[in-house]
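Labels run A, B, C, D, E and F following the written order; every chain starts at residue 1.
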Amino acid sequence: MPYVNIKLTGGSEAPSTEQKAELIAGVTELLARVLNKNPATTVVVIDEIDMDNYGLGGKSITEVRKGK
Amino acid sequence: MPYVNIKLTGGSEAPSTEQKAELIAGVTELLARVLNKNPATTVVVIDEIDMDNYGLGGKSITEVRKGK
Amino acid sequence: MPYVNIKLTGGSEAPSTEQKAELIAGVTELLARVLNKNPATTVVVIDEIDMDNYGLGGKSITEVRKGK
Amino acid sequence: MPYVNIKLTGGSEAPSTEQKAELIAGVTELLARVLNKNPATTVVVIDEIDMDNYGLGGKSITEVRKGK
Amino acid sequence: MPYVNIKLTGGSEAPSTEQKAELIAGVTELLARVLNKNPATTVVVIDEIDMDNYGLGGKSITEVRKGK
Amino acid sequence: MPYVNIKLTGGSEAPSTEQKAELIAGVTELLARVLNKNPATTVVVIDEIDMDNYGLGGKSITEVRKGK
């Protein structure tokens, strides 16, 4: 029953459907392998965040990508 | 002042406006009844998650719904 | 497969084990009733937050309770 | 390496790009000033929530704004 | 700069320090491999939740483990 | 009614009560100043995370601090 939330940039950096499936499978497998957690009730939520809404180093990722 | 976050699938499974209002009212009432929490400052946030971004059992809900 | 997170004050205001069980049952029932969500995979997490770490109105709840 | 998540109403109440940049800069600066946290690895995520999905006082903000 | 939050049961089911290090390394590697995300700014937070505070199927994990 | 969650390291790096009060006041003031949000219903939650449970760069902060 673990719950995993992954937040990453969306928009032009959004993962594809295949990549999201790979993240869901990979995290669920990791929890099963390391901690023997039951995959059947492992919940994973991926949040794709607009680059204007994601900040690192005091700037939005939009600004970071411009090299501002 | 409790804070409640509800994450559920959106898209074709998204709740209606009426259902969301019912969730907000119901959770707020539950916290007031069980714990005597003040409804006036109880905050509820409902996140509707794309079915590609919601994983259960190591698969996205998109895949789960297809019976993959 | 909904996920619900409830944050409320702990310490001297912490809910009892019975009250927490009542919240878990109540929220799960609400999601089943309103949205027909499967209780078997509904995950609820209650976070009890230290009153020094919970802010409302720009003050910690510790200060709010003192009537500061 | 602090992580900050800000949830506020979107739609007609959504902050502008400039306001979001100001929030990111302001929160990062606050953590650096008060706790000497390294801005370079401070992550900020702003979630703009639909007014139907944001509840206060047992009602959605949509209803609150109508004065219901 | 992705942010990952993992919530799982603590107390008698808490992961060891080594297992937590393995989760942190594993999730960070997964995001680098699948999405080419920079490990240097990937943040992972593991929350160990008291079994009374973690609900599945409408019951706390404490009750679930008792086979109630 | 914004909701702000701040996650940072606890243990030997935990902020003092005064520093937490300063964070709560500062974030609430920032939201009022930039977005005219009502301080009375602004909720702030600070989570102090064990250094073994906080990862950056694929390592726990415990390991990072040792210069591993």
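The rule is short, and it goes like this: a contact is a pair of C-beta atoms (placed from the backbone, for glycine too) under 8 Å apart; a residue touches a chain by one contact, two chains touch by 3 or more.
Small disclaimer: the values here were computed from a predicted structure and weren't measured.
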item: Path length in the contact graph (chain B to chain D, fewest steps); value: 1
item: Most distant chain from chain E, judged by the mean position of its C-alpha atoms; value: D
item: Of all other chains, the one whose Cα centre sits farthest from chain A; value: C
item: Between chain C and chain F, centroid-to-centroid distance (C-alpha), Å; value: 19
item: Whole-Å gap between the CA centroids of chain A and chain C; value: 25
item: Residue numbers of chain F (touch at least two other chains); value: 1, 3, 7, 23, 27, 40-41, 43, 45, 47, 54, 56
item: Pairs of chains satisfying the touch condition; value: A-B, A-C, A-D, A-E, B-C, B-D, B-F, C-E, C-F, D-E, D-F, E-F
item: Partner chain B, residues of chain D touching it in the complex; value: 7, 47, 49, 52-60, 62-63
item: In the complex with chain C, residue positions of chain F that touch it; value: 17, 20-21, 23-25, 27-29, 39-48
item: Residues on chain A engaged by chain C in the complex (per definition of touch); value: 1, 3, 40-41, 43, 45
item: Complex contacts: residues of chain C adjacent to chain B; value: 1-9, 15, 19, 22-23, 26-27, 30-31, 34-35, 37, 41, 54, 56, 61
